[in-house]
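The structure is given below, and queries will be raised subsequently.
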Amino acid sequence: MPRIGVFVCQCGNNIAATVDTKKVAEEMAKIPGVVYTCDYKFMCSSPGQETLKQAIKENNLDGIIVSACSPHMHEKTFRKASEAAGLNPYQCEITNIREQCSWVHHDKTKATGTVKSVDLTRMTIQRLKKNQPLKKIKIPVKKKALVIGGGIAGIQAALDIAEGGREVILVEKEPSIGGNMARLSETFPTMDCSQCILTPKMVEAELNENITLYTYSEVEKVDGYIGNFTVTVRRKSKYVDEERCTGCGECMEKCPFKVESAFELGLSKRKVIYTPFPQAVPNIPVIDAPNCPKIQKDKCGACAIVCGPKCIDFKMEDRLETVEVGAIVVATGYQLMPNERFGEYGYGRIKDVISGLQFERLASSSGPTGGEIRRPSDGKVPESVVFIQCVGSRDEKKGVSYCSKICCMYTAKHTKLYSHKVHGGQSYVFYMDIRSGGKRYEEFVRGAIEHDGAMYLRGRVSRVYEKNGKIIVQGADTLSGSQVEIEADMVVLATAIVSREGADGLAQRLGIGYDKHRFYNEYHPKLKPVETVTAGIYLAGSCMGPMDIPDSVAQGSAAASKVLALFSADEMAREPITALVNKVTCNACWDCLTACPYTAIEREAIKDRKGNIVRWVARVNDGVCQGCGVCVAACRSKSIDLKGYTDEQVFAAINAF
Amino acid sequence: MSAHLDKDETPVASGSFEPKIMAFVCNWCTYAGADLAGTSRMEYRPNVRIIKLPCTGRIDPLFILKAFENGADGVLVSGCHPGDCHYTTGNYHARRRWIGFKSLMEFAGIDMRRLHFSWVSASEAIKWVDLINKVTDEVKALGPFMEYRGLKETELE
Amino acid sequence: MKISYYPGCTLNTVAKQFDSSARDSALAMGFEMAELRQWNCCGATFPLAPDNLMGLSAPAKVLSGARKEGDTLTTLCSVCYNVLKRTNKVMRDSRDKRGVVNGFIEEEYDGSLDVLHYLEVLRDRIGFDKVKEAVKRPLKGIKAGAYYGCMLLRPFEDMGIDNAERPTIFEDLLKALGAEPVEFPNRIECCGAHLAMNNDEVVTRLSGAVIDSATGMGAELMVTSCPLCQYNLEKSRGAAAGDEVPVIYFTQALGLALGQDLETLGFEKNATDVMPLLKKKGIV
Amino acid sequence: MKITLSNADVQSKGVARVERLSGEDLKKCYQCGNCSAGCPVSYAMEIPPTRVMRMLQLGKLDEVKAANSMWLCVGCLQCYSRCPKGCSVAAVLEAMRQDALREGADRVEVKDLPMPLLKKAPQQAIVCGFRKFVS
C-alpha cells in the first residue's frame, strides 16, 4: 500500500475564499493509500516547505500531492523540497486548484470550488499511485564544436567559440574561407571596404590555435546527438600537400591553362591551379581537376615542375575524416537565384546586364577591373546604369514570395559607388518599396538620392533589350503614371537571395527543419532564433533567410554563446520525461520513427549469441527525445510509453474522474 | 474506486443536470491559456476537469473512450494552434489522428456534439473561457451520456 | 500521315495563300492536312473573364467535332490556335466548366484532343532536320525577321509552345529553310490586333514599331503566322521609316524553300511584293 | 486631384462584381507597375493599367469605366505574363467591358464601319472586334 501525503494550500485567501481547503483535506484522507493530509496557509513559504519535508520524513511518505497553484508556478519548488526530504522528486505531483478552480469559480459558498478541488486532487492521487521514481538524464558533452560554412557568420561563430577556450573545426566547401562577403566591395551603411574588415578576421581564424580549418571539405554524414555528434567530413583532394605548401604562387604563375573564375562570377579567368582570390585563407592553391590536362590526359604538369617544396601530387584522392564534436553550428549562407529565369531582362544574352554580385566585383579594388566600373562587353565606362530591384523577390509567379531584405541597401550602395567612381554618370533605380529599416539605413538611402544623385523611379521594369549598342530599359514610373524608356549602358539586377543548392540535403543529414524555400527553421522565430529543433545544432547567418552582415555576425556570436553555455559543464542534465520502448512487444513497424519530430527514434538490432541479427526494434535516444509523446500515440502495438505521462498514469487519472 | 461526494447520484433525477466535461490539453499552449484565465480572474462553468499532457500528439483515442466510460458527458481536446506546436509537429499528428478517429466515434454511436477539438494558445484566456462555456452549455442541452457508463460497471463486475 | 486541320474563317477568304501554301508544304513533307468535315468559327477571341462560358461553346463545338475525326488537330492562324488550345485545356482540366459547356453544345467532349500549331507539327512530329533535308530552294542570304505576336505564346502556362520571353521555334524553322533569322526586340510585342477596326493610330504605331524594330536589326523580310498580324504589318508598313520590307506568311517561306510553284504560294495575294527581294537574292 | 474615400468605396459592390466576373483578386496588386511598363497601348490609355488596378482597389469603378482604357486593351496578355503576383489586368478590363456591353454601351456602330475595311480586313479582326465592341 502506498503512503501518500496530501497538502492543500490556502494561498492566503486566494484559494480559501472559494474552496473549503479543510474539507478537501478531510475528503482526501478517506482515499485508500492516503496516510497524511493537511491544509496550510502558504505551502510555498519556507515554513510551508518545512511542514512538507517534516511530514514526508515523519510519516515515511512515498509520494505527495500539493494541491495549490499551477504546476508552471511551483512544481519545481515542491519537487526540490521533496528531494531534500529524501523523496524522489518525480513522486511529487501538483494539483492546480487555484488557476483552475478558486480563481475562475467565484462561488462564495465554496460549494463549487470544493467539489472541483476534491475531484482534481483525487484524480492526481490515483495518478500518483502509478508514478515511478525517475532520474534526471545526464549526458556527457564533448567540448569541441563543428562550424559548417566559412562565411562571415561561420567565421564569427568559430572565433567566439575559440576565444571561449574551446576547440572548433571550421568546414568550408570552397578552397578559401570568406564566403560571399569576400566578394563585396564596400559595405553599407558605413562604406568600409569589405576585404579590409574581413581579411583580418580570416587570418585570425587561421592563426587561432583552437580553430582547425577544413577548407575544400564537405559534411557527408552526421550521427549522434547533443554533446556526442560523430561527423564524417569529405576532404576533397586539393592535389597540393597543405603541410608542405608555402603559398609562394609559383605554380599558378606557370600554369598555362585558364578557365572562367567562379569567384569572379565569370567576369574574369583564373588558372587551373588556383586560389579563388589573392587574400585567400589558407593561401594554398588547389587544382581544378576536371579542367587540368595533367590529371585528365597526363599532359603538362608544369606546376609540379616549378614547385620548390614538391608538394603537388596528381594522384591525391579525397579523404573521409571522422570528427567527434559536442555541438554543430550551421552557417552555410545563400546564393543568388539564377537570373536566366527572367528572359525579359536578357541576362546571359545581353553581356552588360549583370547581377548585383557581379557589380560588387566590378567595384572592388581587387576585382577584375581593379575597381573601375567598366562594362563587361567592351570595357567602356558606362555613362548610365539602370538598377532593377526585386528581380525574383516578391514575385510569387516566377520567383519567390519573400523580400530579399538586403537589395534595397546594396542597390543604394551601388549607386553611391558608381557616382563616386564615374563622375557625370547617371544611375537610375527601379524600385517598388524602399526597405531601409536599420541603424543609419534610411539616411544612407536618402544620401544616395540627395547627395549622389541617383534617380529613383517607383515601378518595375517590364523588359530589357538591345538596340544599336544601347540597352533599352522599358519600365514604368507609377508616381508620375507614365511609361519610362531609358537608354542605358549597363543594367544591374538585384536578384533574389535564395538558399544554397543542396541546403535540403544537408538539413536531412543534420535532422533539422527547413521551409519551402529550403531556408533552415529556427526553433522559435522570436525566442530561440539560433537554435534548431535538434538539440545541439545551432544556426547562424543567411542559411535561415536573407540577412545582412551585421545580423549574420550577431547570429554567429549568438550561436557561439549557446555552444559555450552547453560546454560550460561536463555533463548536461535533462528532464527524464522521455519515451521508452518495450523491446519485447515492438514489432518494428517504424510508425514511431516517422512520427517523431526529433529523429530521436533509432533502429536497434537484436542479436543472438552468435551475433546474428534476429530482429529489429525501435530505441529511443534519451539525448534527443524531447518528451512530446507523439510516438506513444502512434504506436499500434502499445510498445512505447512516455515516462512521467505513462498510459497507466493517464488512465488512472481518467478512472478517478 | 472513485465513489466520492455525491458521485453516485443520478444527475437526471436531481432535476438540474450538470454535465461533466473532461478536457485533455497540452502543457504549453492550452494549459497555459487556462492558467491565464485564472490569473485574470475570469469566470467560467465549473464542469470541466483538466488532464494535462505534454502535447496533444500524446493523446491516445482510448483516453477519450475511457473518459466517456467514466462518466464524462462531453470531452474536449485542445492544444497549440497549427504551426505553433512546442514540439514542432505534434499537433499535426493529433489533428490527423483526430480526423480518422472522428468517423470511428460516429460509428461507435457517440454524438459528435459531445466531442470538441480546439486550438487555444497561451494568450487566449478569453477563448478558453468561451470554449468551456460553449461546450458545457451544448453538452448540457444534449443531456447525460449514459450508454458507455453501463459498459464500465459490467466490466468491473 | 493525316492530321485534322481547322482552317478558320480567314483562311478561306482573305488569307487563301496561307492555307494553300501550308497544305502543299504538308504534302511535300509527307503529311496530309485533312480539313474537318464540318466546322464553325472559333470566336476569334478567348474570353478572358473566366465566368464567360458562352464564349467557349463555339470553340468547344469545333474541338468536339474534331475529336470524332482523330486525336490531333492543327491550325495555322495564331488566334484560332490560341482559342482552341485554351478552350481544350479548360475542357480537360475543369470538370465544372466542362459540364456546363457540354450542356450548351449538347456534346460529351473531354478535352482529349492534342491541339498543335502547324509550327509544332513541323518541329515535334516531322522535325526541323527533316524539313532542312527537304529544302530544294534554300532562302540563302535573306535576313528574315520572325514575328511571333502575342497569341502564339501567351499565356505561357496554357500555350507552352515555347519560352514566352525567348522563343526560338520560328527562328529555328527559318534557319532550316536556309534563311538568316534576325532576332529583333519587338518580335513578341502586339501588332494592335482587332483595334484595326476602329483605331488606326494605335495599330500603325504598334505595327510600325514592330517593322522598325526588325529592319533596325537588318531584317529584309517579315514572316508571320497570323492573318491579322499580316494585315496590320502590311498596312502599317508605310508608316515605318519608309521601309519597303515585304511581309509573308511562314508557310509561304516554307513552300518557297521546298521548291513549290510560285502560283501555289500566292505571293500576288499579299499586299506587299516579295518578288524583288527574291530576285535580288537570286532565289527565283 | 482629390478623392473622398468612404467605406462604401473601399468595400464597393461594383468592384466585387468585377472581381467575380474577372476571377482576379484586386487586393493582390501591390502596384509594382510592371503591367503599365510592358503594355503596348498604355501610352494611349487615359488610365494606365497599374492605375486601373489602384482605382478599383479604392472603389472608383465609375472613373475607370468612363476612361478609354478598357476599350484599348488588346488582350495581348503581356501584363499577365510578367505580373509578379499573377494578376491579369486584361481580364479585369474585359470583365468591365463585358459589363458595359451587357448594358448596351456599344463602342462602334456597325453601319459606320468603312467598306474597304470590311472588304480587306481579315474576318477574324471583324469577329473579334464585334465581340469586344458590340453588345
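Every chain is named by a letter (A, B, C and D) in the order it is written, and numbering of its residues begins at 1.
In this text, a residue touches a chain if its C-beta (ideal position, glycine included) is under 8 Å from a C-beta of that chain, and two chains touch if they have at least 3 such contacts.
This one's a predicted model, so the numbers in the text were calculated from it and none came from an experiment.
Asks: C-D or A-C: which has the larger count of contacting C-beta pairs?
Replies: Answer to which pair has more contacts is C-D.
Asks: If every chain is reduced to the average of its C-alpha atoms, which one ends up farthest from chain B?
Replies: With centres defined by C-alpha atoms, farthest from chain B sits C.
Asks: Using mean CA coordinates as chain centres, what's the chain C-chain D distance in Å?
Replies: 26
Asks: Using Cα averages as centroids, what's the distance between chain A and chain C in whole Å?
Replies: So the centre of chain A lies 54 Å away from the centre of chain C.
Asks: Rounded to the nearest whole Å, what is the centre-to-centre distance of chain B and chain D, using the mean of the C-alpha atoms as each centre?
Replies: 55
Asks: Distance-wise, how many Å sit between the C-alpha centres of chain A and chain B, to the nearest whole number?
Replies: 37
Asks: Among all residues of chain D, which ones touch two or more of the remaining chains?
Replies: Within chain D, the residues that touch at least two other chains are 78.
Asks: At which residue positions does chain A touch at least two other chains?
Replies: 344, 463
Asks: Of all residues in chain B, which are in touch with two or more distinct other chains?
Replies: In chain B, nothing touches at least two other chains.
Asks: Spell out all pairs of chains that touch, sorted by label.
Replies: Every pair of chains in contact is listed here: A-B, A-C, A-D, C-D.
Asks: Touching chain A in the complex: which residues of chain C?
Replies: Touching chain A: residues 163-166, 185, 213, 216 of chain C.
Asks: Please give the residue numbers of chain C that touch chain D in the complex, ascending.
Replies: The touching residues are 8-10, 13-15, 41, 43-45, 47-52, 55, 77, 79-80, 150, 154-156, 164, 189-190, 192-199, 201-202, 206, 227-228, 230-231.
Asks: Given the complex with chain B, which residues does chain A contribute to the contact?
Replies: 27, 30-31, 70-72, 96, 98-101, 103-107, 112-113, 115-116, 118-120, 122-123, 126, 513, 533, 577, 595, 597-598, 626-630, 632-634, 642, 645, 647, 650-651, 653-657
Asks: For a test of understanding, state which residues of chain D touch chain A in their complex under the given definition.
Replies: Those in contact with chain A are residues 30-39, 42-43, 48, 50-51, 78, 82-86.
Asks: Per the contact definition, I'd like the list of chain D residues that touch chain C in the complex.
Replies: Residues in contact with chain C: 20-23, 40-41, 44, 72, 74-78, 80-81, 88, 90-91, 94-95, 98, 107-108, 113, 117, 120-129, 131-133.
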